[in-house]
Every structure is written in structure tokens, then in C-alpha cells.
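Shared between the two complexes below is subunit A, which pairs with subunit B and subunit C, respectively.
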Partner chain A sequence: MVLGSMIILTILSPLITRYDPNAQVEPALSRYQSPSWEHWFGTDQFGRDVFSRVLFGGRISLIIAVSVVFLSVMIGVCYGAVSGYFGGLVDQILMRFVDLFLSFPVIFLVVTCMALFGSGISLLIVVLTLTGWLDIARLIRAEVNALKQRPFILKARAAGLRTLRIIGRHLIPNVVITMIAIAVIRVADIILIETALSFIGLGVQPPTASWGSVINDGRLVLTSAWWVTLFPGMAIILTTMSLYVIGDGIKALHH
Partner chain B sequence: MKMVFNRVLYAILLLCGIVILNFSLFFLSPGDPTNLYFGPKVKRQNLETLRHQMGVDQPWSKQFQEWGRHALKGDLGYSWAKHRPVRDILMEAIPATLQLTMLALLINLTAGCILGILTGVYSRKWFGKIIDYLSLSAYSVPIFLFAILFIYFFSLKLRLLPASGMSSLIAGDFGFWENLWDRIRHLILPVSILGLMGAAATSRFVQGHMKSVLRQDYIRLAFAKGLPKSRVYVSHAFKNALIPVVTLLGIYFPFLLGSALVVEVIFAWPGMGRVTYEAIFSKDYPVIMAVNLIAGLLVITGNLISDLLYRFIDPRIRVK
Partner chain C sequence: MKTSALLLSIKSLQTHFVKREGIVKAVVDVDLNIHQGETLGLVGESGSGKTVMALSIVKLVPRPGRIVSGTVEYKGRNITNLSEKEMSRIRGKDIGIILQDPGTALNPVMPVGEQISEVIRTHFSMKRKEAKQKTYELMRKVQLPNVEYIYKAYAHQLSGGLKQRILIAIALACRPSLLIADEPTTALDVSIQSQILSLLKDLKKEFTISLLLITHDLSIVSEMADRVAVMYAGRIVEQAAVYDLFTNPIHPYTKALLNAVPKIDFSHSERSGSIAPLEGRVPDMMNLPHGCTFHPRCPIGDESCQKDYPGKTFLDNGRYVTCFKSGV
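So, the complex of A and B:
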């Protein structure tokens, strides 16, 4: 299963590397052409080549998702590790804080922020990160808690390792595998969220492409110009599915 | 009982925290609410008057107090974009959304549990794997895509079901039963989409738990004792695997109002999601505040319920 997903992963990389130049804006004469040899995925309502839009959109969606996950994992792991390791009062306080933020309905928060502060890509990343690290912190804390009692940690403490940060260097590498599994799955989640936001109009703004906004573009002409919706949709499905499979595979390996 | 009281108190505190956070967000945001109302050539004085009317020229704490006092009395303000009391808007929208999400939750939990258990039990056989694969694909599909495709097939191609709205245009003429049937027809698409997507997520969760339950020693003991397979599964495995599903109820609670957002927008369903969407695009702060308040309320209540339920149901915890 994991091997099969690796194969699918190689389909992903072309999305990142092969970026066509920003030849998105083309004369209006070429509106809504069906897929042809010229335009592999056809054109949309402005005559833009859907293929390059999908690729470009893929770049953007992936960049957003990866940055968000990267940042939230950084924050979440540090927070969770500290909280889980120290336990006691520190743990309680830190976790209450997390609870407070988790009590926010994420969707509403994201949507509200996007509405209030305008919508740019960096803003999107910030908001998604801020709502995203909480979950990770919780999970990591649980892991660390479990690991705390293991012999090698106790040995390190008995040896009187100078700074607790050094123990962080023993502890964290062991959390890494779970972390990677979580991260991969989160990337897929974020892709889904970001595309949904772009679809509604609260994510990546036009004329920048994002899988979600391209699908929105094609929504009204679904019966006639099906290619505008189909290809980004397929892209999303393939990407998220392979990410989930990889994530699950890593988790299975760990156990 | 003391524990319950503690939890409730904590929940109320959280709610206050949410409200404060919400309010602060609005004050951090750039721009002025009055931008909606006037063109660029407005007279300074008119602007000031409007601001005073809206109450936005007061300092933060004062506005917050005002809002709080009103809210406690049940008055959630006046919508800037729709010129109606927010309360009325919500009163109309909430039942609409609840119709959608409760049904969807029902489908979600039942289908999800069944599928999850099936895939957990039969995870090595081929049909277990197929179901697993299918639910994974369903999980990977973004909701809006699902919605669009469904509309395409069932409304446009097959002409079986209506594509949007809560009732047909001629619904005024219908008697009770026709009205009911009409409503059901309109409900089918969005509910099935929400339900199926949720079921995919739930089944993944249940499946994971089911697998870990089946690995436990007491299950192997039950098999070793010679109990018939069905007995082992039903009385031991299922019951234990389904316990955390109760916590799912708590988790899904906020989704009752929230996740329907995209679906409601696509299907033009006049519910909370649509209200939020419109409020956000028209920068209608009072509505947004109220919506966030209610959403926060739901989240906290949901967490509270699932927490308490979990403590009751899990016998291990009860003994403590």
C-alpha cells in the first residue's frame, strides 16, 4: 500500500517542479476551448490554459499547505513536548490555554479572520497555522507523556544532563516519526480546507489560481465546460488521497 | 457532582474568553464599518453621525459592555446589512440548519460506525479492503466537489432532485403532505453529502479504534475460551470500540452549525452557514459576532457533553 502511494507521490512532484510561466492571461477569443493538443486541459472563461492553472494552483495550494503544517508542527511540537515533559502545573496551564483556543469553532474563526483582515496568501497561512498547532500540541504531549517513563529518559535524567534542552534532544527525535505521520495527514487536511476557502472566495484571490478557485470558475458551466472543474478536482483528490495513504503507512510502520 | 459543577464553571469561563477574543478581533481589524454605507465623497459630519449611531466611536471597553449587557438580555444587536434584529435572522436560520445537520449527523454516525466496524473486523479480507479504500476516497474528496458532482448528476442529468433551496417556488399552494415531500426532496442531496462525508471520517476513526480493540488480550482470551465469533464481536469488541464514539458526538456538535457552511452556500440553503457567509462578505459585524458566540457556545457545550458522557459510559473511569 505504501509502495503504491510512493508511485502516486511521483505524480505529485511534477506539480511542484514544472511551473509554466505565468501565461495565464490569454486573449478572450480562446474562451472555453475543450481539451486539445494545444491546451491539454482546455481553457476557462478568460481563455486561460487550464493545465497551467492547475499546475500553478497546485504549487500554491501545496506551498500553503506545507508552510502551514511546517509552522504548526514547529509550534505544536515544542509546546506539546514542554507541556508533556514538565507535567504538573505547567502542563495544566499550557493545556488550558490550548483548550481555550480549541473551543473556538475553527471554521468560523478562519472565516472571520479572512473577512476582517482582507485575504492574502500570507494571511491565510498565518490564520491556518494559528488554528492548526493546537491539535498537534495535544497529540505530541500525549506521546511525550508516554515516553517520559521510558528507561532511556530516566537514564538521561539520572546522569544529570545539564539542560533540560538536552533531554529535549533525546526526547524529540523519538517523537519524530509520529510527528511526520501527523504532518503528512495535516497537509492533506489543509489542502482540503484551503481549497474549500478558495472555492467560497475567502482563500486565494483571483486572478491567482488555486485548485479551489478554478473549480469555482468552472462551476457554472459544468455541463458544457466540464474540463475546468474536473481536472483541478482530480488533482485535489489524487493529492489528498496519496497523502493520506502515506500518512497512514507511516503510522502503521511505527506500530 | 462537584466535578460536573467544575466542568460547567470552566465552560462558562471559556465562553467569556471566546467572546472577548471575538470582540478584540474586530477591533484589531483595519477599516471602518461605515465604509459600507457611503461613497468616497461623504461629508465628514455624516460619517461622524453614522458612527455615533452605530456606536463605534466609543472606546473598546464601553462597546464591549454595551454589547454584553444587550446580549445577556437576549438582544444580539441589529444587522447592518439586512436591517433586521440579529435575533430574528438567527431564529429563522438556525432551525433550517438544524434540519440539515441533524439528519446528516444521524446518517454520519450510523453509517460511519457500521462501516468502521466492518472494515475493522474484515480488515484482511478483500471486501474490507475495498470498503476501506472507498471511504478513503470519499474522505479525500473536498466537500464542494462532491456537492457539485451530485448536483450535476442528480439534478441536471437525471432530473431527479432539486438543485437548491429549501422548498419549491410553488410550495405556497401545497397542502401539508405535499409540502413535506417537497421538503424531503430538497433535503436529500445536501443531507446525503454531509452525511456521507462525515461517515467517511467517522468510519476511519471507528476502524482505527476497532483494530486496536481487536488486538487486545481480552479479545484473544474470549476467542481462546471458545466463544462463538459473533458473540465475541458483539458483546465484547463492539461495545468497547464504540465507547469513544460518544466523544465523537461532542466533537461533531459544533459541526452541526459549522461544516454546513460550504454546503449551504452551494445549495442556497437559508441556514446559519449562509447567514455567516453573507455577513462576512458584507462585513456585517453584529451578525458575525452573534454567530461566533453561538458557535462558541456549541463547541463548549459539545465538549462538555462528550466529556461527561465519556466519564459515565466508560466503566473503568466510573469506578474511580
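So, the complex of A and C:
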């Protein structure tokens, strides 16, 4: 419910707010206005409407999180399924590769990439995907490894089905629930990572709003203009909380 | 029947499982011939290597199992050294397999009809619709009711008997010339068992296929098979025409098996009702007895049986026995 309304709100954000999230209206007068009928969540240091920044920021945050998760689940599932199905040497090599990359600290890697290639939403998506598919691959590999011992896979092989078909039509459909459960929780994780990165100035760059960058804007004036940080913070908590609950629900349903 | 062409010929096949604790010789020196149109029954206790034997034919022995030596010839062509790709063309198309336990042999998240038609589409280039029509036809052949409805059903919605019919349809989808049925009725109720058996009999006639019927149930063998091979601890100890084997078992293990089954036979009053259980248990496959593997349980064996494994004694009518003491 909460999640649904959050998604709808962010998708429809241009229709809901009267204010351009980046428009600076009469800076001198409208800076740091507290919440009112005019500006529900108040305004920030440039007189921008925080409500509309939270909505548009949510849009960016969700777009990043969903695309990262989509891409990393795709890669992770294919990689994990192949590794798990073939087993033996192939599995050994593929999994050591995963272990190698998993041993890189994510934040450090992102900081390095940002420093090297500059920052931008698409780069952020690429970097988070590259670090995000690894443990998904590992989880899926474990599932597939257990699954391939089941008689119906032997039946499929005994019927002469091609390997790709067995992986694509018999193994992967059987891990879909695990896949969705991981994906949902992963969206929340990525939102938090993206927020953290934007907060330290490495993620989404100003003036574009994301939940992290809006919080960052309000960081210095936390005691006087609390609304700038409180509302995006609430948005993050509500979204990630409901994602975690849903993810757990799917897992519970499965078992 | 004996004159019909040889379809499958297994020569001194050995399948071993190499484990850390030792080597399990699951199939040892097995020779077996299956002729066109014939039913060969393979009987033996659980763990005697019947299933591994069946999987060896189509090269699907699970790791760490491996065919160590011997050949399998299908229609005169050695298939033991074929690549996985070539092998997958034979599986399902030339050799159909029905695995143990229909309960778990179907993919739980794919409609069962799809699982039949995907086999057809794998081996024949055929459009989806055409394959679906073929599948309906096949489903009617295995006497499934309501084929349109069952096509879309999932495995958990069907009873064991229906699932087994689906699996038979899968195995027969491409009209193979050999069907390997591994305990096709063990997991089913008795009434369903007889239905499935008579269905197999009918289909065998209609499709003119050979059948390798693996079971531990001697009554099924006596009803279905033309010839019988008895397996013990990975070896075939006796092979004979079904009538010869049941009327005159020679190997002491075969005799013991037949005596362990209750008979409803009122004419031979001294035999009926008396069940003689076979003493002892199947030997530890990792630690087989020396010499004849059956000697610890054998009623007629003596010290001489502990030295070497007995060779094959060939008798008439294609029969052979591996025993020193059976007096032949």
C-alpha cells in the first residue's frame, strides 16, 4: 500500500506539484520557508519547493534502483544458472571469478569510478549493476545446483532437450520466486546505497534531485530548517521498509 | 521372436562410482541384448544396479558415476563414445525413458502438455500449433481424458496415474524404437498399476517398440516380459526366456527370489502360501564379498565359491547362468 502510493506519487509527480523542482523563486524571499499551504514540505536554500523535490527525487532514486536491480538480476540469474547447471570445473572457474569481484569494497569501487569517469546517473547504474549481480549469481547458482538433482531435470535430459532449453525453460522458471524476493529487497538496498552516494556528493549531481541529494542540501541547516531533511528521509524509510516487508512476505510465501 | 533383428546390444558394460570412501561398482560386466519388438524384464532387489544400468545406456549416469568400459550398440552403432550433443539426438527420439516415481519427474511450473510438446518440437521441426495437435493425439493414445484441459494443467493438479500417463506420452512422443521403463508402476496404487501395464502392452504393440522393463516385481515380469535378466550386486546372474525362468529357475538367487513371492496357486498345494524370505541383505557395494558376490547368502555355495566370480554357463534358448554349483 505505502509502496504503491509512493510509486504512483513519484511517477505522477509532474501532475501533482505546481512547482518545478529546480525553479528558484525569488531567492531572497522564499528561502527556507517552513511547511505551509503554499509549500507543503517547505522550501530549501534556493527557495525550491521541497515537496516537489522529494517527488522528483524519488523518481530518480527509483529509476536508478529499479534499473540496477533489473540488470543485475538478469546477469546474475543467467550466470548463476549456467554455473550451477554445468557444475564441475566450469562452476569452479565462474564462482572464483565472482569471489574475486565480491572481495572489492563496493563504495570504494564506486568512488574510484566516479573519480575516473565523472559522475552521472547512467554511470551510477552501470557501476552499481557491475557490483550488484555477483551475489545474486551466487544465490541462484546454489538454487540451481539443488534443483538440477530433481528428477524432472533428468527427465528433460532423457527426452533429449537441449541444454539451453533446460536452463531457460526448466531451471530458471523454478527460481523465479527466489529471484523476485531477492529483487524486491535489492531495490531497497540500492535506494539506500544511491542515497548514501548522493549524500556524500558522488551520486546524482546537483541541481538534479534525488532523495540523497535533497537530504544533503538540508544537512547544514538541520537544526533550523528540519523540513528539508525530514521529508526525503521519511520517504526513504517508508519505501525501503515496505520493500523489505514485501520481500520477506514473498520469501515466507515460498517456504 | 528370437529371429528378429538386434536393436540394442550391451557388451561387458562397467559403470563405477568413484567416491572418496571407495569405488562402488554399480554395473559389472553386463551383457544384454534387446531384439526388435521384444520385452526384456530386468529384475533385482533395490540397490542391485538396475537404474544405473538403464541410465548407462543413455549416458545419463549422475556424477561421480562413470562408464568405465564396455560398449552399448544401438542398431549396430556404438553409442558409448558419442558426444553429449549427438547423444541428446538419440535420447527421446530413438530411446525413450520413463523414470522412477512420476510424482517428481514433471516440472512443477510448466503445464504438463507443454512438457510433451516441447519434446516433439525439439526432435522435429514443427510449428507450435502442429506440435500441440500432435500432443493432443498422443495424450489420447495414452488414454488421458479431457486432453485440452489436462494439457494446461500443472503436475500438482494431477494424480499419480495421470502423471505417469503424461510421462509415458513424453517418452513415446517421438516414436522411439526402444522404451526403457524404470519401475513404471512402483509408486502407483495396485489398480492403477494394472491399467498402466496394460497401456504399456497396448502401446508396445501399436508402436512396435522394444521395452526394457526394470522392476523388482516378479509378477509384472511374468506378465509382460519375453525374456528376463536377473541382476544381483551389479551383475546379471541369470538370463532366460520368461517361461524357462519361472518354471525352472537355475541360479540359487533366482530360486530364492521366486520363493520369496507368495503364490496363489491351488494346484500345487505344498508350495502355495509358503513364503521363504531370502536371508541376509544386499551386500555393501563398496565392500563386495570375494568370489561370487552371492555366496554369503547362498544356500548351496561352499568355499570354492569364494575364490573367483563364476563365468557364464550358456544353455539352450539363449539362456545363461553364472554359478558354479547349480549343476549345469
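Everything below uses one rule, namely that the second predicted complex is superposed on the first by the 223 of 255 C-alpha atoms of A that agree within 3 Å, B and C clash if a C-alpha of one lies under 4 Å from a C-alpha of the other, contacts with A are read in each partner's own complex, and residues count from 1 in each chain.
The rule we apply is simple: contacts are C-beta pairs under 8 Å (C-beta built on N, C-alpha and C of every residue); 3 or more make two chains touch, one makes a residue touch a chain.
Bear in mind the structure is a predicted one, so any value in this text is a computation, not a measurement.
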Q: Record, for the superposition on subunit A, whether partners subunit B and subunit C clash or fit.
A: fit
Q: Go through the superposed model and pick first if A:Ala159 touches only subunit B, second if only subunit C, both, or neither.
A: second
Q) With the two structures laid over each other on chain A, which partner does A:Val66 touch: subunit B (first), subunit C (second), both, or neither? A) neither
Q: Put down the vertex angle at subunit A formed with subunit B and subunit C, C-alpha centres only, nearest 10°.
A: 100
Q | First (subunit B), second (subunit C), both or neither touched by A:Pro173 | A | second
Q. Of subunit B and subunit C, which one touches more of subunit A's residues?
A. B
Q: Once the structures are superposed on A, label A:Arg150 by its partner contacts, choosing first (subunit B), second (subunit C), both or neither.
A: second
Q.
Under the stated touch criterion, which partner chain does A:Leu123 make contact with: subunit B (first), subunit C (second), both, or neither?
A. neither
Q | First, second, both or neither for A:Ile75, with subunit B first and subunit C second | A | neither
(Q) Which partner chains sit in contact with A:Ile237 here, subunit B, subunit C, both or neither? Use first/second/both/neither. (A) first
**Q.** Least C-alpha distance (whole Å) that remains between subunit C and subunit B when both complexes are overlaid
**A.** 10
**Q.** On subunit A, positions contacted by subunit B and by subunit C
**A.** none
Q. What part of subunit A is in contact with subunit B in the complex they form?
A. 99-100, 103-109, 111-118, 188, 192, 195-196, 199-202, 212, 215, 219, 222-223, 229, 233, 236-237, 240-241, 244-245
Q) Can you name the residues of subunit B that touch subunit A in the complex? A) 14, 17-18, 21-22, 25-26, 28-30, 136-137, 139-145, 148-149, 152, 156, 254, 257-259, 261-262, 265, 276-277, 280-281, 283, 288, 291-292, 295-296, 298-300, 303
**Q.** subunit A to subunit C touching residues, read off their complex
**A.** 87-88, 149-152, 154-162, 165, 169-170, 173-174, 176
(Q) Under the stated contact criterion, what part of subunit C meets subunit A in this complex? (A) 58, 60, 62-63, 88-93, 96-97, 99-101, 104-110, 118-119, 122-123, 167, 170-171, 173
